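Structures incoming, each one as structure tokens.
Shared between the two complexes below is chain A, which pairs with chain B and chain C, respectively.
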Partner chain A sequence: MSEPHRRLPLLRLAWRNAHRSVRRTALTASAVTVAAAALVFGQAYVRGTLGNMVDTYARTESGHVRVRREGFTTRERSLPTHLSVPGAAALARELSGLPGVRAALPRVRAFALVDGAGANRPGLLLGLDLALERDYWRPQAMVASGRLPLAGRAEVLAGEGIARRLGVGVGDSLTLLVQTAHRSLGGLRLVVTGLGRSGMPFLDNAMLIVPLDQAQGMLDLEGGATELLVYGADAGEADALAGAVRRVVENRISGGAEVRSWREQSQLMRLMASAGAAMGVVWALMLLMAGLVVVNTMLMAVMERTREFGTQAALGMRRGDVVRLVVAEGAVIGALGGAVGAAVGSAVALYLGRVGIDFSGFARAIALPFDPIVYPAWSWADALGSVVLGSAAAGLAALVPGWRAARLQPAEALRT
Partner chain B sequence: MTSTRMTVGLVALALACARAGSAQVTAREVLERLDANMTIRTVRMRAELIVHYRGGDDRTMTFESWERGTDQSFLEFTSPARDAGSRFLRQGDAMWIYLPRVGKSVRIQGHMLRQGFMGSDFSYGDASENPSMANDYDAVIERRDTVDGRQVVVLSLTARRPNLSYSRRRTWVDTERWVPLREELFAASGRLLKTMTLSDVRRLADRWYPFRIELDDALQTETTTTFRVLEMRLGVAVPSEVFTLRYLESGR
Partner chain C sequence: MSGEIPPVVTERVVGRVGAALTARLAWRNLRRNRRRTWITATTVALAVLMLQLQVSTTIGIERQSMDNLIGYQTGHAKVLAAGYFAEREELPLDRALTHVESLRRRVEAVPGVAATAARVVFAAQLSDGRDQVPCTGIGIDVAGGETDVFRIQQAITVGVFLKADEPGLLVGGGLAELFGVQPGGWLTVVAKTRHGAYEALELPVVGLVGTGNPDIDRMSFFVPIGTARRMLLMDGAATEISVRFGRGAREGATLGRVRGALAAETGVEVQGWRDLEQEFLVFAQLERVAHGIFVAIFVLLGVVGVANTVLLAAFERTREIGMLMALGMRGTGIQRVFILEGALLGLVGAGVGSLLALVLMVPYATIGLDLSALYGEVDIGYPVKDRIYGALSAGALGVVWLLTAALSAVASLYPALRASRQRPAEALRHV
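Presenting the complex of A and B:
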């Protein structure tokens, strides 16, 4: 009559076995360490980069929700100022009262022909409420020299690129010619109070930031704006916010209104936002490679311990227990490697998350809303997850050597 | 072209009016006749520019213009009120704009030359360029045809110098009155940029002029533009000071 099977203290045995060959354990764990560190930092980096793009896009282009006159977007190439949102200030106040809305900001966006010191260039006129935009467009962060223009004054913050091409600097004058809301020719002479640097060349070579009231006057908008941007607490809730905004705006704008969340405005941004999920494939491949290293080193360990497994089998250890023991060893070593990797990856991600990574060179080559300084966004979940995943991957990888160990015949194993 | 390269050239595109000629002239002779007809000592014109928007709206602007020879012209918008007082001066290939609300003249150059003149399908470049068809273009006769019942010769023109607004043109020239009745304007790439239809051809002194031009800028899909001469007088006295920056900015 056989004795009832006694449950083995697998984790304790595995922990003890992991210490028997520190060098081999370190080699096995190092593969998991590298993978876990890459996982933690990589996720923080990807989240930071995608967040940067979505955030910059929402701040400078789309809002969380954007309200425009119907037809504006299909004619966007010409920025048709005659298709404006009338009574923008009153509508913005009303939208600001919606639950979850942090700000509703009227903006003016129009093409302008700019005359500087004897040269003409096309420019992008941006009429902003400079006080309300401090946390959104953040014009104050773009002042490279001089100061921001003041509301009520014919002043402009010119992008460094366009200012250089026009041959003007702080204190000089620019003349802007625009097509007004009545489709006639309008214009204004403005004093350059500052030069702006966004790090986004397509902006720096064109932007002309003027106080909202000056842009409205120049374009005969009479209190209107070409768009109204609504910001909620969370960009992820933009679609629900768009529904609430739509209910307020409906029938308020003659000719109809376009109310779109940032996701509905740009396919590219939608793709970017979902690219994080696609990165899962990369992380899985990384873990697979770490797992292959674990398979190799643990196979070596199993071969070296053939006599030991033979003895254990001779003493009645079941095959399942042998597999479980080897898998537990793999999992323990994986957890050790994962913990070290998570610590290293976290340290790098947290440090770079504070100082940022400068991609100015890359930003110069792309025409996307992208702040050239990327801050990796570290998270506890990534760090803990990488320990769990590292342990699980190593445990799974140990199934192969475990299976090999379990198949050893006691008599044969003892002869080796 | 007469009147105002700025205006009918606005007109400059149209150009070419002419005296009667033989039906068997060469392409080169056609161009020479057009150029000869375009050279007028002085002209004063009142005209309107109507921009037709997709969706049915129209915007009508009226203006008066003065031109002396082929190199000097001055134009002032008189209506609607928000455009009244906007002025343009051309001296040779140089062009300036003055808007009362800006209070300063601006030289139109570079990128701005490609923009729509007062939001129309004519560009500032169209209004400021002053090509001599015979000197600036090589021409071949593509075929003979009829337009609105009139005999025309279809010319294919290729620019001889690189800095012209249009590298290629195809022009339908009335072979009795030597007026272009239709013109297609192309970029160097061969892409069609503008299509112009000229009509309401009237006799003025010993010349024929198109009093109506319809222009469609293929790149500006929102609009088409009609240019219509309301009144044209040739040989009028135009004071020299009209063609100065001081006059442009002060109006006197």
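Presenting the complex of A and C:
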């Protein structure tokens, strides 16, 4: 004979049970709260830091996809001007027309020997299209004093560090000596229109930002550039973009082209991007610990209700139902704790996401493209995810007390 | 009545519970619900395991880094010409030390100083005729103390060490790779002399060095000091005298004595390696904070677990507490029992975690962890070569262990307070 299937109002019962002893529920939930708060804030912080690095790296070094002449990168440390991308300006216009491309920017990067006020030292010559770069390298944000150079004029924005060492200021002039694309000696006298501060000391001590046309002229590049950076809508789709760029560039550059997405350019960046996955292990451990605390508190809750379980069992409640009931209670408490934790974590993440965390004090020690102010990047998914995960972890943990309750013999349970 | 008051022999303070009894009560209480105790102890153990491994890694990698910096780059201290330190990034040759040998003798006479060596460090470009790379040249005094202060000789991966005054080049491994050069090949050194004129010198590569320190491996080459002096017109001068302290010499005190010995010397300054490598120390500090935050969250969770357990115990034993109070035990006595219970729980959990950590740390400290397998050829910011070794420090193990126990005790304060604030009669009535 078979009984009709009975459906228990699990969630309602669980909710009621959680309500019965508010302080114990709070106790059980507290561990989940800590874990969820840590998860929501931690994720935001990690995402903010990684985003900062990838974004700064993409803006200043790698683009989403970078086109160079074959062989330039292996000799990158000497920035060989003779290995340039010919016709880069025309190529850039063509690449800008590709679907999904936001911008294609030719850049010139070369070593220069800089003479000014009697001192001379090596500097890093950066030829930028100052109008197009507004949203990318953002030279306008680097101006600490004076103004940006203007296209078509022999002007330069010098890094604060190098200007100080050369003993020059706004209005002074500098002479740059460079090796041209034909490996002969080239030079140009430039007026310092402003001093620049990027926040990255290795740049500030070397950079000389000049209009692209001036750099091209000085280096005999004739419409060429040492590299061409392509930006799509999303850094995450750089690999697909690299494929599209490769198809356009193929066979167009004598000596071969080297087309690489930012991921392919730097081992360190790949490592950083995979740090997100490593964090998964940390969060899992944290939820495990929270789960163990839940096991403890709920075991006690179950023991206290021994008589009640006995009565329910005597009334014909099945073992499976008992387990389900306790698990549901754990899940409800976990969700409550998770929600409170998510709220706390979100509040902290959102606040710091607005004001930022200032690492400028440490910036000198980090020779990485890294903006010294980190903004934690909060996301809905983390907040919701931590509630779900907290609920799931507590529910899983409640299996232990659940089995324990189900094993009680009705008669014995009633006798206690 | 004779009116004599009998002398008070002993006074028994009612309700006062001795330390031994408190400990026995706390211990018994923990054993009453063993499963709960073990589950909580496991949480604490997990947190402490992470903490111990983190501490071991941090101490280990910092120790290795400092050893590397001292052994290859800075020594324990440097004697510099006055004003050199402020301009050190420029490597100015016009701020050089003269009468080098007399300075060395005076420094070597200072107690605690083991050896000194003169170096000429200069900005240079290295070229193979095709590419030219800016780097740092270091003229070393092979016959005059260099090998007593630095370990460059032990870091040679291919070829041989420089011989005194036999022109040759020892190139950092990364630089050699860039040029594709091996011992037997030739490279050109281009540098500005002390008077600002450019000078070029072609030299044979005699060996390659791999120290794990990117400043050296990727940026530096070594030549005999005589070669450097002739090329740069240094005429017996040196840009620095590096000082190594003896084993067991106290760093701060010895540095102070060296400064004292040269106090009368104008035109000379002494910098300890901590000043010279301040950037690294700041970086290490940042790493400590960044990693510490995560581990702190784990410890917080562990401590929440302890607080939870003690609070549960307090609820559970309401009747019992009422009984004890009715029998005359005071609130503070009850508090002590519960606080001790938390502390013992922390002690046990942290003990288990520390033991587990110890099991992992022994191979970590002896075999080490292959970094290149983990990260590939990435500069992780610490100047260490290939492998990192965890530190096996009894002191650190003990401190973390006891600190966790202390935190557990602190976390039990509130539950203990709750437990002690009950009215005996009401508590007894509690089911």
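Here, the second predicted complex is superposed on the first by the 409 of 416 C-alpha atoms of A that agree within 3 Å, B and C clash if a C-alpha of one lies under 4 Å from a C-alpha of the other, contacts with A are read in each partner's own complex, and residues count from 1 in each chain.
Quick note on the criterion: a contact is a pair of C-beta atoms (placed from the backbone, for glycine too) under 8 Å apart; a residue touches a chain by one contact, two chains touch by 3 or more.
Since we're looking at a predicted model, the values are computed, not measured.
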| item | value |
| --- | --- |
| Clash or fit, chain B versus chain C on superposed chain A | clash |
| Which of chain B and chain C A:Gln140 touches, first, second, both or neither | neither |
| Contacts of A:Gln409 with chain B and chain C, given as first, second, both or neither | neither |
| Chain C versus chain B, contacts on chain A by residue | C |
| First, second, both or neither for A:Val295, with chain B first and chain C second | second |
| Which superposed partner A:Ser184 touches (first chain B, second chain C, both, neither) | first |
| Touched partner set for A:Pro122, first chain B, second chain C, both or neither | both |
| Which superposed partner A:Asp220 touches (first chain B, second chain C, both, neither) | first |
| Which superposed partner A:Ser274 touches (first chain B, second chain C, both, neither) | neither |
| Partner chain in contact with A:Phe359 - chain B first, chain C second, else both or neither | second |
| Contacts of A:Thr175 with chain B and chain C, given as first, second, both or neither | first |
| Contacts on chain A seen with chain B and repeated with chain C across the two complexes | 75, 78, 80, 121-122 |
| Residues of chain B that touch chain A when the two form their complex | 51, 53, 59, 61, 80, 82-83, 86, 97, 99, 101-104, 106-112, 115, 118-119, 222 |
| Chain A - residues contacting chain C, complex | 23-24, 27-28, 30-31, 34-35, 38, 42, 75, 77-78, 80, 111, 121-122, 165, 205, 267-268, 271, 282, 285-286, 288-290, 292-293, 295-297, 299-300, 359, 361-362, 364-366 |
| Of chain C, residues touching chain A in the complex | 35-36, 39-40, 42-43, 46-47, 50, 89-90, 131-134, 178, 279-280, 282-283, 285-286, 294, 297-298, 300-302, 304-305, 308-309, 311-312, 315-316, 375-379, 381 |
| Of all residues in chain A, those that touch chain B in their complex | 75, 78, 80, 113, 115, 118-122, 175, 177, 179-180, 182-189, 220 |
